[in-house]
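The same chain A turns up in both complexes below, where it pairs with chain B and then with chain C.
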Partner chain A sequence: MSVEIQTQPGAEAAPRRRLSPALQSIVRVAKYSGVKLVMLFITVVIGVYLTILIANMGGYVDQILRGEIREGISQRLRRDPLYRTLTPAEQNKYFESEVLREEERLHLNEPFAIRSVVYLTNALQMELGRAQNMSSDSGSRQVRLIILERLAPTLLLMGFSNMFLFFGSIFIALSLSRHYGSIWDKVTVALSPTSSAPPWFYGVFFILIFAAIFRVLPFGGMLDAPPPTNKLDYALNVMKHLILPSSAIIISSLFISIYNWRTFFLIYSSEDYVEMAKAKGLASRDVETRYILRPTLPTIITNFGLLVIGLWTGAIVTETVFSWPGLGRTAFRAIGLFDTPVIVGLTIIYAYLLAFTVFILDFLYAVVDPRVKIGG
Partner chain B sequence: MQALKSAFRQLAGYPSALLGGILILILLGVGIYAPIAIPYNEAIALWRGGEEHWRQNPRNVPPLWYNWFTKEALPISFQYTEADENVTRTDTPRENGGTNTIITYTFDFQADKFPQELIVYLKSDYATKKPFISFTWITPDGREVRVTDLGITQSETYRFGQDTKLQRRLGGLPANQGLFADPNSEEVKPLKGTYTLVMDALTFEDGDTIVSSEFVMHGLVSGWFGTDHFRRDLGVAMLWGTPVALAFGTLASFGTSVVTMIIAAIGVWFGSWLDELIQRITEVNLVLPFLNILIMVGVFYSRSIWTMLGVTILLSIFNASIKSYRAIFLQVKESPYIEAARAYGASNMRIVFQYLIPRIIPLLIPGLVLGIPAFVFLEATLAVLGLGDPVLPTWGKMINDANNNAALYNGFYYWILQPAVLLMFTGLSFAMVGFAMDRVFNPRLRGV
Partner chain C sequence: MAENTLLRVEDLKLYFRAGKGVVQAVDGVSFTMNPNEAVVIIGESGCGKSSFAKAILRLLPRNVEHYSGKIYLNGVELMEMEEEEYRQKVRWVKMSLVPQAAMNSLNPVLRVGDQVAEPMIVHHGFRKEDALNQAREMFKRVGVPVDFAERYAFELSGGMRQRVAIAMSLVTVPELIVLDEPTSALDLLTQANIMNLLKRIKQEMATSFILITHDIATSSELADRVVVMYAGQIVEVGDSRRFFNAPLHPYSAKLMASVPRLRATIEPEYITGQPPSLINPPTGCRFADRCPMRFEKCDQEPPTFEKEGRLVKCWLHE
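== the complex of A and B ==
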């Protein structure tokens, strides 16, 4: 906003004294943004480095990997007819050289302290590198491709269900707060404890009812085998597979979400200025949008921002229960295969998104709420 | 104290809190009963399984109460030993050494379906020559069927269903059907009534005896909770899952919220760099992928429930609620009674633990209770991912086993439904009480 003032031709002609508050505010915002960015970057660095350390368990994972390499190579060589013709000394030498080669490929010959810093700097530059053991469905070892391949299903599942959940619950909560004490209000309050169960839990019930007993919806996966070739059928097929997992995600937090928003709106709708607006005889829709929604906008935006970055993590267990080919399952598989580059790749993207969202939120607050002054 | 009493009276006014409270008490009762009924080590040994523990059980059969809902009665599994009332045993010495032992097993069969399998376990003691034994099957309508004749070793297992000669004698029907089939019926269906199995054993030298015998029928229902793919009685996991879930949930929730509150209080009281540091740690913690780290610890290091509990608490201490506690403490810090405490020379620790923290305990309690279901389900979640405690039987591990064996696809609904219902009861009961507490203790929500 401050930038706009400067680019206006009229501002050039204005006397210096009138310009200085604008300049001051630019300096203030720039200084604030700079400090904030540095802090966020440090936070990301520490968070990601901690994850790298944990993903290695103090060198323990290196030992596991070394053991697996030796095991794998000795099995491979035992089947090799040429290898059997060598003398034991030659065999040993060849075996060791093969082990060394594989360890060099995975950079296991370098100390972990150095490797962890390499992981960190590469990750910070978004050079995700190559996976150690995993490969994408198209056969690539690029972490970027492994993640990109699974991103779409996760965004589809999480995006669809969370957007529905978010806007649905705000909409319902608004109308409930208007009819405080009604039967629907009471039902929602009574049902809110059901949200203590996670989505996979409802997923199990949904699979039981709709897949196992009635056989109307698939048990899991994202497509039938073989997938339909027609584009429309393909989309419909994905939709059919989407129903159960997304309903599980929606149901598991719908009531608590409505309850929280409703309580939140109720607290705000008992403010004096709302009473005043009602007394003036404003239409209830105007009261809602201008006097209740407007001041609660920062909270709504914060929640929405956190929701959007939450999409990125996927839902490990829900995806596992429904065999949904998303990022959550990729993360789970990467951990099982001790594939540090993939784990770090997923973490760094999440960390950057989180930092970016936190950074942007401050400015959004200032836009929607005139009382908030950036860096003030 | 008076305030607490009135709060609880108010709480009793919420029907959901009352119901939740009753459920919690029942769960607590089961939780205390479980380690008494099956001690820790025994539970672990039972759950590790093996033939010696569970050979009397069929694989993957539903619980007894299935019979209340099915049109056709399913045969109930049983295991009889010589100590049971329906078993008789007579030992008569023979003229030229050895004994003649006759053991009869009598049992009532009222089911409309055939059992899975019949098995006899025999233990004998002999010097040189194997004891010889012949089995006769007597049906309710008086037919006598020769089952088999065999010389037995010190430890012998005879499975009726695997005896092909017997199958041929029964007209091609497998033994589990042929022995029970009604000969006057067009379709193959079991004849109801009292069956007897007579075992006539001969030993050939003095001192040789049949030490013990055991007759087992693998029916189509077993126990109050059914069995799994390892023949284990699911009752063990249902029972032992209760204390494990309660302990994990309450310890994690209690540990997390109390430590979080103490840290927030200390940060606010000492202020300056300490407060800054705590806030920065909270932000770093937000970046860390919680479930991924738990999974990493489980996969790389240890799946023990205590390790998981520790890591869970460690990762949850610096959570977002530290900020809301901080906001309240900042208000409380300015109140006159704190100033008075400072004036009379109270130490920092005294102010934090005696004046600051007690003030917000009413806000802590609902959060603590509401946190329990989340942690109970977290334990189950980890187990569903295959990261359950390696030795302890838990509800989550049951669901995981069931999932791995495609229980829903194969129709073993009881396998998933039973632990799921218990999980739901646990989650709901604490959530209902917590919600009511929140409304009683939290002044902002009063009347909303």
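== the complex of A and C ==
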């Protein structure tokens, strides 16, 4: 047998220096991670700074605040009997000094450009500060407490419905791609335009049918008016309130999601290696896990990562329709009230989460796909 | 049926649905082959060679319109077999496949050794370690360095990938290996290497090959018998020595004349026109429109005539 002379790609990829290969790859990964982290941090800084500029309307919010300060002080002083005894000139002087004191307290006397940088450094250090208008249910004005209080309900609603949606649609899509052209496949394709309506659209009808007409499920909220004291009853009560909003979210994107994944799996199941796996006599479950799911894992993981980020943002209108005490509703209210610290606080949390997810995804790709090499 | 027949195919038909109609890719093909025989199937692109391989291996695409006929392997009828039984008893146990493009036929995210070992685990209940050892044995046999088992397909050259694909087809020691243009994507030197490898394997392992190719020159190395396909039908079957000396069917003769020769001054010929559409194949002889020897009888479909042990579907040999 003649021995074929050929190159062995990968065998001598880089000229070996004194470092051992293991050490070399550690150095490579560390270098890559460092650069990547710096890049991501710069992205976060730019994103948050833009948000600060926009949320302050480029400094215009300061003027609104100044106006509010003047109005508040003039109302307070008018009720002050001592103030009324002063001459108009003295009144005016006292009024201006009070305004100046309040503006100094809020640092409004400094130029916006400087304050925006202060906001930015505070935000980046997760010092989210105090809300201007909003307060948490427990009465605190700490932005961190406001956000934390609303985070759990949002994660419960969005987590439950989106995880169900994600894994449910992948599972159904795999089985549909196996039965391409079957009646269920056609039904799913036909139903996919139902996803053009948003979740709250279905929510309104669900409330009408199940709460108003049949009176089997609550109209909204997360708990009954006096919440059950028993832990089991409490959990059951939350679940009862969860049914309608989560079904609305699931129904509104279920069919398009199945349709997407089904098409995706159809494309990948016509790869030559899938046919080879069938020719090799592998059971169809093995073909699916090892030859369809495994090679498509990077895409599935990306989608999952993006989904996880999406969970934190909540669903603004759906939460409002169901009076669900979540983050989406909080963000919506904060925007309406020009409550800049809350808006910036939410943004910085999303920005960090997004950067963290992107960073982790890069490593996950290298783990699940041998063709991807970190820093290679 | 003769005792020593390995494979007998009777009136095999495989039609696909296409945009414009039904493509009759394999249209009533019958043939037999013996143990330890290498049969080469030649023909132009689009004459149904690969579809014939798919039909034998029951690797049907989604758009199959019609699939019928009889396939006997060692006297056992395969067409009636339920898919699950067929998967366990026939797929890769009795018949295996070397695909056309080995790059795309290897899973990009599994180590090639694992892929070669897989059939042993599935069909013979091997433990993973034993199956991998078996795979390494096969790697030695086909001339792939043993440590390549740890690699991924993208880390191998084209020739190495094709060898891995061959190792994979051999690992369960099947009785019949179908090679679907195994060398068409390779350079000439590697092609020759692969053909030598196949010849050696045929001697050592006593397996049978169906080699599908349009490369007549390289296939002549391996062939015991030659089958010529045209427009979804077999037009000539004969032993390779007599076939390569003097093909019977005018189409075979034209095919042979199209092979470039190194020293002769003869220009390589080509066949005017194109193979007929398989959606509405012409009645009568399907080659008639391009045939230089056409005469009146060609308007009727010729039966298969036997001539000194060779089969030919042409009125000239009535």
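Methods note: the second predicted complex is superposed on the first by the 321 of 376 C-alpha atoms of A that agree within 3 Å, B and C clash if a C-alpha of one lies under 4 Å from a C-alpha of the other, contacts with A are read in each partner's own complex, and residues count from 1 in each chain.
The working rule: a residue touches a chain if its C-beta (ideal position, glycine included) is under 8 Å from a C-beta of that chain, and two chains touch if they have at least 3 such contacts.
Since the structure is predicted, the reported quantities are computational estimates derived from the model, not experimental observations.
Engineer: On the A-aligned overlay, A:F255 touches which partner chain: chain B = first, chain C = second, or both, or neither?
Structural biologist: neither
Engineer: For chain A, which side has the bigger count of touched residues, chain B or chain C?
Structural biologist: On the superposition, B touches more of the residues of chain A.
Engineer: First (chain B), second (chain C), both or neither: which does A:G181 touch?
Structural biologist: A:G181 contacts chain C only, not chain B.
Engineer: Scan A:F265 for contacts with chain B and chain C and give back first, second, both or neither.
Structural biologist: A:F265: touches no partner chain.
Engineer: Identify the partner contact of A:A277: answer first if only chain B is touched, second if only chain C is, both if each is, neither if none is.
Structural biologist: second
Engineer: Quick check on the superposed pair: does A:A212 touch chain B, chain C, both, or neither? Answer first, second, both or neither.
Structural biologist: The answer is first: A:A212 touches chain B but not chain C.
Engineer: Can A:P295 be said to touch chain B (first), chain C (second), both, or neither?
Structural biologist: second
Engineer: May I ask you to decide whether A:I335 touches chain B, chain C, both, or neither, giving the answer as first, second, both or neither?
Structural biologist: Only chain B is touched by A:I335; chain C is not.
Engineer: Using the touch definition from the top, say if A:Y365 reaches chain B (first), chain C (second), both or neither.
Structural biologist: neither
Engineer: By the touch definition at the top of the document, which applies to A:F201: first (chain B), second (chain C), both, or neither?
Structural biologist: first
Engineer: Taking the complex as given, what residues does chain A use to touch chain B?
Structural biologist: Residues in contact with chain B: 39, 43-44, 46-48, 50-51, 54-55, 57, 60-61, 64, 189-190, 192-198, 200-201, 204-205, 207-208, 211-212, 219, 263, 266-267, 313, 316-317, 320-321, 331-332, 335-336, 338, 343, 346-347, 350-351, 354-355.
Engineer: Mind listing the chain B positions that touch chain A in their complex?
Structural biologist: Touch residues, chain B against chain A: 16, 20, 280, 283-289, 291-293, 295-297, 299-301, 370, 373-374, 377, 380-381, 384-385, 399, 403, 408-409, 411, 413, 416-417, 420, 423-424, 427-428, 430-432, 434-435, 444-445, 448.
Engineer: Which stretch or stretches of chain C touch chain A in the complex?
Structural biologist: Where chain C meets chain A, its residues are 57, 59, 62, 87-88, 90-93, 96-97, 99, 101, 104-110, 118-119, 122-123, 143, 151-152, 154-157, 159-160, 168, 190, 193, 196-197, 200.
Engineer: Looking at the complex, which residues from chain A come into contact with chain C?
Structural biologist: Contact set of chain A toward chain C: 1-4, 6-10, 180-181, 271-273, 275-283, 286, 290-291, 294-295, 297, 368-371.
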